[in-house]
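Read through the structure below, which is laid out as structure tokens, and then see the notes.
Chain lettering (A, B and C) follows the sequence in which the chains are written, and residue indices restart at 1 in each chain.
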Amino acid sequence: MEVRLVHLSKYFGEVRAVNDLNLEIKSGEFVALLGPSGCGKTTTLLMIAGIYIPTEGEIWFGDRIVNDLLPKDRNIGMVFQSYALYPHMTVFENISFPLKLKKVPMAERRKRAQRVADMMQIGHLMDRKPAQLSGGQQQRVALARALVKEPDILLFDEPLSNLDAKLRLTMRGELKRLQKDLGITSIYVTHDQVEAMTMADRVAVLRDGRLQTFSTPDDLYNRPQTLFVAGFIGSPPMNFIDATLVQENGKVVVKAEGMRIELPDELGKRALARAKSDRVVYGIRPEHVHLDPEGDIEAEIYVVEPLGREDLLDCRLLGGSVMGVLAPAGQPVGPGDKVRLRFEAEHSQLFDPETEHTLLW
Amino acid sequence: MTQQTVTAQVTPHMDVSWRARLRRFTTPAFFTGPAFVLVFLFFFLPVILTILISLTDMSVATISDIKFVGLKNYIRIWRSRTTWKILRNTFIYVGFTLTFFNVGLALVLALITTHIPDRWGTAFRTFWLLPRITPSVIYAIMWTWFTADAPYGIVNQFLQIFGVEPRNWMSAQPWLVVIAANGFVGASFGMIIFTSAIRSIPVDFLRAALVDGASTWQRIRYVILPMIRWPILFVVSYQTLSLLASFEYILLLTDGGPGFYTTEVWSLHAYHRALSNYFGNVQFGYGAALAAILVVIGVIASVIYLRVFRFNEMVAEPKIEVI
Amino acid sequence: MTEHAGSRWIQVFLIILVALLCVPLVVMYIWLLEAAFAKQTYGIVPSGFTLSNWRFLWEGFKNMPSIWRITFNTLVFAAIVTVAEVFFASLTGYALSRMKFPGRRIFLSFTLVLHAFPAVTLLIAIFYVLLVMGLYDTLLGVILVKAALELPLGVWIMKGFFDGISWDMEMSALVDGCSRFRAWWEVLIPNIRPGIAALSIFSFLSGWSEFLLPYIFTSSFENFTLSVMLRRLIGDFRFVDYGLLTAAGLYYMLPVLIFFIFTQEYLLNIYAGGTKGTQI
């Protein structure tokens, strides 16, 4: 089932929780709604579920506007952060509840509930009450309950955030595989960018109720549309420096105090064509900056943060800007050491400081 | 570039379908309807009726030919000599019961039961609920016997030890009995509220007081009491109102006597005038005027409580909008 | 509060103090128990055991319907009041707690105002309303009045219990295929059973003990409840048979005592819950 949000807005009094949101989700696609808390992602999800009534705009399922359709008539399945199992029902009753409401005969209810439960590996727990299950098992029951009525659309509201780290990793993989196997259009709300990036086909980044960007994880990471997205995606976060964009000897060069980077021709041309003034925000990810004695940028180590596999070095450029550098663990440097840095210019990002929009993609 | 340009045929914003619109009305109506009807019939309507009846000369004698008499009933109340006696009685009743029992005894019980082991505390608090759930009629029988003449009365039996001359205490000290009987019931309300207020005082405050070397008494005086002044104010105002209106126990104990209006309070007087056949001619109009004064006080006071105690702020918006 | 005051001796002293405060009440209840089985009592001292005080169970009282009829009336009164109150309160409490509809805030404010409002002052007008509706001197009329007068408290208590249920669970029910009504019935109600139990006990006891309403709004023998009957007995017996009176009283009190013994926690909760949120 294809889902389209058209000029969708939701106001709570003066607060615009969702502001003119447009989104097209393809049939069978796994889309993540990503953003910090209060960005409107859950509100959007609840509007799609039919729990919230949109202030403006339309929600389309296929070729049908569903704004006035009750949640029960939308044929959706939903998994909540708190699992939201019914404590007074057994696992079987929980899973088969949607079927009971659809007046499916008991025998078939049993069959279908058992099938889904087996798929979720909880087939042996059917007679338990939710309180007797572990968090992971409860999560599986919730998932089974969402799947049992063979919904057109699956909605997830941070379903993994109550699980411990290890279980979360397992469930992440399982969920993704399950979604691909069943091919059900899925919308997944999360504030965890790793979850969004690893699971989703496309990620919609929201901020203050507005859509920042809607693209594949690859685009999101390597070709961020806005300054916010660039800063929000990736850990440790991208480095930003206020710089000027100039032309020198036919080359496009980004300059800041203590820093000079020649852009590759292609990027340079594009940036020059789009820039409205010579002032830009230059961005580069920590993994694209290297300690290199041959490098042409001088810096001084400020802090060393060992991350295990790598060290994150906070380096201070001559101009005073601080630059995170990801280097293999065990660098023989410490605070105060003078180092030289080499930037991978082809991984540069440039943004308009006014519109915060990219100048490159 | 993956910037999303919406090509969907943007239809004009669809109006909510009539079905959904109807649902938004019928579903809440279904859920709140029965309560609304009952509340309308037995709260709203009576409030208005009380005031309307009070402006008529309705009585058993005039029931077939009711006349509108304006404020005549109120003027009669103002001029009646018994009014002042009854007003005085009401002050005595409300003032003493409230001070000594509904707040005083309640506070003592709450303080003591929170300062002894919890098992004991709960047991005592539970016990004090007993008078509240005892049917009022039985409660009145117990008090009657408690205060009865020698050789039956329990009070007399006890006071005999000290050589006090036996008497029927209900007749000898009607106020004492009326106030105590009401107070023993009323104390539990404040007790429960004060207890949970004391319990909700952060333990840190109490520890700090202990560390500062405060005695138990100082701790109560300087830490606990100041911190529960809002609950105390709540109980005072709430119970003033309910005492003003209550007459059930007095009706059962003394019925306003002994003698002429000795313990007749305002609400009991209204009842006697309007609903009791005791005086032969039942005067709805006059009784309603007496009641209307209480009703107006009640409405104003409860609206004020609503504001002062900020009940409104406890109202959270529902998270499900669809109906 | 977890710490207890001072030394062991202070604790003992406090316990004795509060116990002394209880003495008058304890004495009264003891008297009620023993006087029902005694030929005569002098103060707290009974003299002579007898069961003849209980003869009303088979003989009935003079000029009154049989005790069983009266008991039945009282039971019907209390039971219907309970069912009506719990049912209406859980409908309205749900709507006020969980539904967005125009007038919700006003409705809630009214519930609270009525909660504080002394309904007894309205008896005169209610008398008139019943008269007009043709419900004066009927059990149904008294039941309706009783249910109505206790409704604000009941609604408030039920609202409190509904407030405590997770929103996710109800959303889940709606997505699973429930209407709001179905969600209320199948998912929310089963999860507020403690609330329903508490309110049921409360309103049953309150209905069972009710005196004023049946006393004022009924007059015929066939509508007598135990409280009205006892009031009559006090009138008739003020000077005589206390043994009979206390036995009848104890008989009337028995369900209350039983409920009290087995459901104290619920009761303590409901009295606290009825004033929830006032602990500012």
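In this text, a residue touches a chain if its C-beta (ideal position, glycine included) is under 8 Å from a C-beta of that chain, and two chains touch if they have at least 3 such contacts.
Just so you know, these numbers come straight off a predicted model, no measurement behind them.
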| item | value |
| --- | --- |
| Identity of the chain that, by mean CA position, is farthest from subunit B | A |
| Chain pair, A-C or B-C, that carries the greater number of C-beta contacts | B-C |
| Whole-Å gap separating subunit A and subunit C, where each centre is the average of the chain's CA atoms | 56 |
| Subunit B and subunit C, separation of their C-alpha mean positions in angstrom | 15 |
| Per-residue multi-chain contacts in subunit C, two or more chains | 171, 174 |
| In subunit B, residues with contacts to at least two other chains | 317, 319-322 |
| Residues of subunit A engaged with two or more neighbouring chains | 50-51, 70-71 |
| Residue numbers on subunit B that touch subunit C, as the complex places them | 24, 27-28, 30-32, 34-36, 38-39, 41-43, 45-50, 53, 105, 108-109, 112-117, 120, 122, 124-138, 140-146, 151-154, 156-158, 180, 184, 188-189, 192-193, 196-201, 203, 206-207, 210, 215-216, 219, 230-231, 234, 238, 241-242, 244-248, 251-252, 267, 270-271, 274-275, 284, 287-288, 291, 294-295, 298-299, 301-303, 305-306, 309-312, 314-323 |
| Residue numbers on subunit C that touch subunit A, as the complex places them | 166, 168-169, 171-179, 182, 186-187, 190-191 |
| Residue ranges of subunit A in contact with subunit C within the complex | 46, 49-51, 70-72, 74, 76-78, 80-88, 97-98, 101-102, 145, 149, 155, 157 |
| In the complex, subunit C residues that touch subunit B | 1-6, 10-11, 14-15, 17-19, 21-22, 24-25, 27-29, 31-32, 35, 41-45, 87-89, 91-92, 94-101, 104-105, 107-110, 112-129, 133, 144-145, 147-149, 151-152, 155, 163, 167, 170-171, 174, 180-181, 184, 205, 208-209, 211-212, 216, 226-227, 230-231, 234, 242, 245-246, 249, 252-253, 256, 259-260, 264, 267-268, 271-272, 275, 277-280 |
| Subunit A residues touching subunit B - in the complex, by the definition given at the top | 4, 6-7, 12, 22-24, 50-53, 56-58, 60, 65, 67-68, 70-71, 211, 213-216, 219, 225, 361 |
